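To keep things clear, I will list the structure first and then write my remarks on it.
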Amino acid sequence: MSFSKMKRLGVGIGAGLGAFAVSVAPAFAADPPPPDFNSGDTAWMLTSAALVLMMTIPGLALFYGGMVRKKNVLATLAQSFGATAIITILWMVIGYSIAFTANPDANVNQFIGGFSYAFLAPMGVNAAYGTAPHQIPESVFMFFQMTFAIITPALIAGALADRMKFSAFLWFMSLWLLLVYAPIAHWVWGGGWLFTAGALDYAGGSVVHLNAGTAALVTCLVLGKRIGYGTENMAPHNLVLSVIGASLLWVGWFGFNAGSAVAANANAGMAAAATQIATAAAALAWMFAEWIIARKPSVLGMISGAVAGLVAITPASGFVDPMGALIIGLSAGVVCYIAAVWMKKLFGYDDSLDAWGVHGVGGALGAIMTGMFASSAINSAGHGWLMDGNFGQMWIQVQDVGGVFIYCAVGTFIILKVIDMIVGLRVSAEVEVEGLDINLHGETVHG
Amino acid sequence: MKLITAIIKPFKLDEVRESLSALGVQGMTVTEVKGYGRQKGHTEIYRGAEYAVSFLPKLKIEVAVKSEMADAVIEAITSKAKTGQIGDGKIFVTPLEQVVRIRTGETDGDAL
Amino acid sequence: MSFSKMKRLGVGIGAGLGAFAVSVAPAFAADPPPPDFNSGDTAWMLTSAALVLMMTIPGLALFYGGMVRKKNVLATLAQSFGATAIITILWMVIGYSIAFTANPDANVNQFIGGFSYAFLAPMGVNAAYGTAPHQIPESVFMFFQMTFAIITPALIAGALADRMKFSAFLWFMSLWLLLVYAPIAHWVWGGGWLFTAGALDYAGGSVVHLNAGTAALVTCLVLGKRIGYGTENMAPHNLVLSVIGASLLWVGWFGFNAGSAVAANANAGMAAAATQIATAAAALAWMFAEWIIARKPSVLGMISGAVAGLVAITPASGFVDPMGALIIGLSAGVVCYIAAVWMKKLFGYDDSLDAWGVHGVGGALGAIMTGMFASSAINSAGHGWLMDGNFGQMWIQVQDVGGVFIYCAVGTFIILKVIDMIVGLRVSAEVEVEGLDINLHGETVHG
Amino acid sequence: MSFSKMKRLGVGIGAGLGAFAVSVAPAFAADPPPPDFNSGDTAWMLTSAALVLMMTIPGLALFYGGMVRKKNVLATLAQSFGATAIITILWMVIGYSIAFTANPDANVNQFIGGFSYAFLAPMGVNAAYGTAPHQIPESVFMFFQMTFAIITPALIAGALADRMKFSAFLWFMSLWLLLVYAPIAHWVWGGGWLFTAGALDYAGGSVVHLNAGTAALVTCLVLGKRIGYGTENMAPHNLVLSVIGASLLWVGWFGFNAGSAVAANANAGMAAAATQIATAAAALAWMFAEWIIARKPSVLGMISGAVAGLVAITPASGFVDPMGALIIGLSAGVVCYIAAVWMKKLFGYDDSLDAWGVHGVGGALGAIMTGMFASSAINSAGHGWLMDGNFGQMWIQVQDVGGVFIYCAVGTFIILKVIDMIVGLRVSAEVEVEGLDINLHGETVHG
Amino acid sequence: MKLITAIIKPFKLDEVRESLSALGVQGMTVTEVKGYGRQKGHTEIYRGAEYAVSFLPKLKIEVAVKSEMADAVIEAITSKAKTGQIGDGKIFVTPLEQVVRIRTGETDGDAL
Amino acid sequence: MKLITAIIKPFKLDEVRESLSALGVQGMTVTEVKGYGRQKGHTEIYRGAEYAVSFLPKLKIEVAVKSEMADAVIEAITSKAKTGQIGDGKIFVTPLEQVVRIRTGETDGDAL
């Protein structure tokens, strides 16, 4: 999220807490005149939230659902849909509070927010986020952030496809949201230590993608490979679904990146342009890389490249100019192709749908390149190395990447081990061979 | 009677069907199958994972005929389904002891 | 629709009629300066209209299309698509006029609007809806309402799946729109008797969902069961389509509920938050109920629960706080599960895709619970029982539910009987057994 | 695009060039205060751009993908997706500059824009488009126009389905964008000769649809028929995909037409209303025409009619009133039905998915009817024949249609011949018979 | 032993299966096929292009039985699959020389 | 010659194919079928409506071989397709009177 957004944050929270009075008062008195919300910014943020929700359902659900074998397609859709439902509730219960409110203890606040926003109780209808003339209702900001909190854990599903219990999956999503995502979101966007350090992460390169990708890597290592991995034919059963999914991810991503301006302004516009350019560049880069190396440009390659570009530009959008976006996109296409195709083979882990290869690697790459290409001409909040000669930013970005990677890896590992002990992570071999749809959900596709 | 089973290339179906009708064969049953043989398949690659597709789409045509018609039918299928390329397929002839038309209960010759 | 919206309505129509002069004048004179429309509110309402249209095509079309047998999938899509087309035209011809303009006779106006807006002739480009500084072009409001008018009759298709003639279906959609939907919309939103009584229906719990659900119940009773119901396997042929549909319904519903604020403001924001929370809660409630009772959490159950939550929060969104939304959602998930799974078995009607079980029951439940949880702290226009001690609201909500149910049931029954006499409602047994796609539309899915 | 938009254009470009200083300066100085952008207009234009992108991916991709045979579905999706990627980059590199910036030489500017905007270098974050109080960031306008530049060439794919090399396709998209689309866009929207002549093309009836349709006609004539055309069964393999695609085209088209107001204002509202009415009317017109003539109302007919209506109203939306929209829609449905079903048979060309029959014919029809029904009561910038007695407009529209048709036909022919010489246009017979998915992309649908 | 192959209308499967189970037939194998015969098909029209669909969806049931059971099985299938309408299908009886149950290696009678 | 028809569990196909190739069998034809037998199926539940799925996905492999090879082929299939679990499937052997290779017109032994 942009620094401008961070600046607003204090105010946002302030307004939030202030709103406590507001939202309690009415029972006794009449509403005070509501703050003068910016209807244009509010319109865009409502739209953005809807777009980001669309990224997960049906976007991500289809992107992943098309890549698995037919016997597991419904179970894969159930993961995205189930994650959406349970995370929504937990975000309302306490997640938003942990991530986006200030902890009374300033030191603790470096790592985790407060708990006063449990059940959003203090959030009155007139609670505001931002500073006039760009205030929006806090309800909108909370909802917008909720959609980020939904897709981040849902992305991890790409690494555990075809073999995790649905009960374990729901436990995993829940614990990971509260113990890994919410704190890290607080570090970078909620006033925590990386926020203080000045890390640049416009829309979530590290908070969302590196974070989810790292968790994905750990998850596939803990779970082990799918039965028959490397010997059986595990070709995607229907790439039409994956193309629909990737397309909706692309379209929805404008809510993700341009929406992170938390306003319908010039930053949002430039973020949108950068996103489009980087995504297209990455799709072409992956496509041509594959065309040269594997002799054919696959549809899966084109859409994978597009997603890689979307991931890599996420932290940079809003800080870089079109040229920077082009370079970041081209790099992401090639690097993620190598990660998904070679690195995976080399180390032999079964990151089934390449959640680490695309989101982890692409997120880290984007975070670092943001430090390189951030231009104060585009956003006064971001002084990068190449454009502004601020090499120091590179080091901050490295801390950002390192901090997120380490905390996430450790946290994810512990969470998985605990769940494994209590409910067990993996389905039985029979279930895995016969398919998750019929065994876990009692349904199959007859189409 | 004979049950004549032919494995052919999918796009040859219409030609074969017409030539059989011309012979007075009133019916046939077709099944989508996958064939393995001399004709080599393709390789699919998904993010570096290669899968050899050694089974190719074919159609299986089953025709029950009176014994005396068998040769004519085989001849017709062979001529129409032939492209000269590897993978044109095979014809199998098996004995057919009895045929019943479900609608009428007619049997054997009358049932065809 | 919110009371604030109702208040504006008079003005809206006023402006509309005033606009008559405006739109006639130009032929002779130059345009007067257009009213100062609020670009942010206009942007959000244009977006909302597009989102609600997306709910029907492809949302509802896929939600239903995936649940029928493969031989009827195209016919099911044709119902949503055909309804969209014919209702659009009828709404322009006279529907909008009946629902949203004032009838010159005040008594008649309690039940039905005027006819002066036929073909939208009086609606000039500068006709305004609402009061400054929140005016939007009336063309936008008309279009927004049109999308509501489209989805409401289209919902009924869930009850008549697999067995109605396409010609009869189009007649049904047309007559029902003009004779049932338009008048009821006038009652509640257009200045009619329920509007006067102060019924709370933010976005259409009774006008849209209870109304469509009731019509669905009557329709499946009049039509009778599908051939083979209870004996043949009628499993949904492709739930992937239904998951896409449910997801797009969820995403589009923000245009439905938050759009009903007719502005990008705090009400819209709170309505969006409430919608998201209630939907997720209902999805989880249905899922866990089924998990416990039927031993497996089905994907169909999860998406059905989500839709049930969307339905139930529709009248309440904009009036309730997050906590109220949570409770409404949880209730909707359980109650609609019982309605769709047990009640239907008990009474043995063939509400094929549970249009009554989800929309009728969920809509009624939501309307009543709106009376319970409406909080003046959230919307000064809604004083509920539990939050504001206004028990009287409960009685008004009961009138709302009862009035809509009775009028709709009777009207629907008469319309169906008339159509049956003239063109016949049901396809022949051969056609039904062989499938509607090939017989009614001359097409089949070869995929 | 509306005249109002054209008026703004000069300014837009001015601002753009002015922005040159702006975007160069920052390296040396601090940003000047950004212009006061209209957040509501910006919100709507960001939304519109996302909607128009959604029209191509997944909208158009699915509309076409469902109509081809199963063996070519992925290759068809790859065309839309690949076009999106490569055009995005070329638009950034030089396309936008050619279409929307002023050429220093006024005479040359009649035909082609300037080159100073290469790589968007001059486009600073604060570059503005439009005049206060309706300014939006130029980045948003550039992105919005980019999405138009993407879908126009992509539409041509309907005529070359099932038989073009992917490499040739990418060459074709690239050259056609720069040599045909960008200049024509400049003629009509960028200050060129048709702009000067006062041609009315609100959202691209001639620039987009007639243009793409003409190219489609030439392409299918140059390519020749598909093997087995007229003898083999080439039934659409899965119309469910086509219905999803058509629905998303319909929904996204509000970004296309209402977005062409470049503001969230009364013009946008009226354009949206006209679009909805004309689309529905055309869907019904085609459906009933087919019902009468071919005895059955096909789903493909309904969605084809809807697209025909969207095409025909594109140039007229924003200039016509609801009644005009109704008439244009009804005409489009019937005329395009005749074009796609009879004209094609008559002349025997293989416009595989009727890109010419629907977009070419519909676009030309719409352009002419815009001259007939444009009403100054709706938009002071458009005086039509029937409403304002301005018969002269008809002649201008004819020039518009003729100029685009001739230039496009010649240009497309030359481009195709050159590509044919260098890389070859058509796949081998074996590849065509066996399918493009496996041969060009090394993938198949296993679903 | 005999291999009894029946082509039936799809919606008749369950009835047929039940009646065979009643006869003590412990298993069967079903294939989706397309049938051509006296029963006429449909015409699909897409934007004016007409395609005659002469092949109709049918199910092929294969049952291996002891010779002495053949007639009972044929009788059962005929009675259950019959609608009296053209297109009810056919039954083919072919000799079966050997049967093996893969799981146990049992052969012939024991394998059924 | 013999036509050997085996019903096996789908995921066993590759193993079986390889063992047959090893025996010098040059081709085979595979069909997706649904099997009913001792192995019990599943129940699907949709909003309370329960459907018993008694037919399970299997693959049917058809191989035409010279009579003298039959036993080796049967042996190979049995050993590779066996899991020991109910539902492993069956092998049926039927007489094959004639085989023709469409491409060349070769018959019988030469056609295999």
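All chains are identified by letter, namely A, B, C, D, E and F, in their written order; residue positions are counted from 1 within each chain.
The definition used in the following text is that a residue touches a chain if its C-beta (ideal position, glycine included) is under 8 Å from a C-beta of that chain, and two chains touch if they have at least 3 such contacts.
Here the structure is a predicted model, which means the values were calculated and not measured.
Trainee: Keeping to the contact definition above, tell me which chains border both subunit B and subunit E.
Mentor: Common contact partners of subunit B and subunit E, which must touch each of the two, are D, F.
Trainee: Copy of C-E's interface among C-F, B-D or A-B, judged by over half the contact pairs being the same?
Mentor: It is B-D that repeats the C-E interface.
Trainee: Using the stated contact rule, I'd like to know whether B-D or C-F comes out ahead in C-beta pair count.
Mentor: More contacting C-beta pairs are found at C-F.
Trainee: Once you find the CA centre of subunit D and the CA centre of subunit F, what distance in Å lies between them?
Mentor: About 53 Å separates the centre of subunit D from that of subunit F.
Trainee: Averaging over Cα atoms per chain, report the distance between subunit C and subunit D in Å.
Mentor: 33
Trainee: If you look at subunit B, which of its residues touch at least two other chains?
Mentor: In subunit B, the residues touching two or more other chains are 31, 44-46, 94-95.
Trainee: So which bits of subunit A are touching at least two other chains?
Mentor: Those would be 38-41, 43-44, 47, 235-236, 241, 244, 294, 296, 298, 300, 442-443, 447.
Trainee: Please list each pair of chains that are touching.
Mentor: Applying the touch rule to all chain pairs gives A-B, A-C, A-D, A-F, B-D, B-E, B-F, C-D, C-E, C-F, D-E, E-F.
Trainee: Within their complex, state which residues of subunit E touch subunit D.
Mentor: Going by the criterion above, the answer is residues 44-49, 51.
Trainee: Could you please specify the touching residues of subunit F with respect to subunit A in the complex?
Mentor: 11, 14, 42-46, 53
Trainee: Could you pull out which subunit C residues touch subunit D in their complex?
Mentor: Subunit C residues touching subunit D: 23-27, 30-31, 34, 37-44, 46-47, 49-50, 53-54, 57-58, 61-62, 65, 73-75, 77-78, 81-82, 84-89, 92, 119-121, 123-126, 136-140, 142-143, 146, 166, 241, 244, 440-443, 445-447.
Trainee: Which residues of subunit D touch subunit B once you look at their complex with the stated criterion?
Mentor: Listed in rising order, the residues of subunit D that touch subunit B are 228, 232, 433, 438-439, 442-444.
Trainee: Could you please specify the touching residues of subunit B with respect to subunit E in the complex?
Mentor: Listed in rising order, the residues of subunit B that touch subunit E are 3, 17, 26-31, 64, 94-103, 105, 111.
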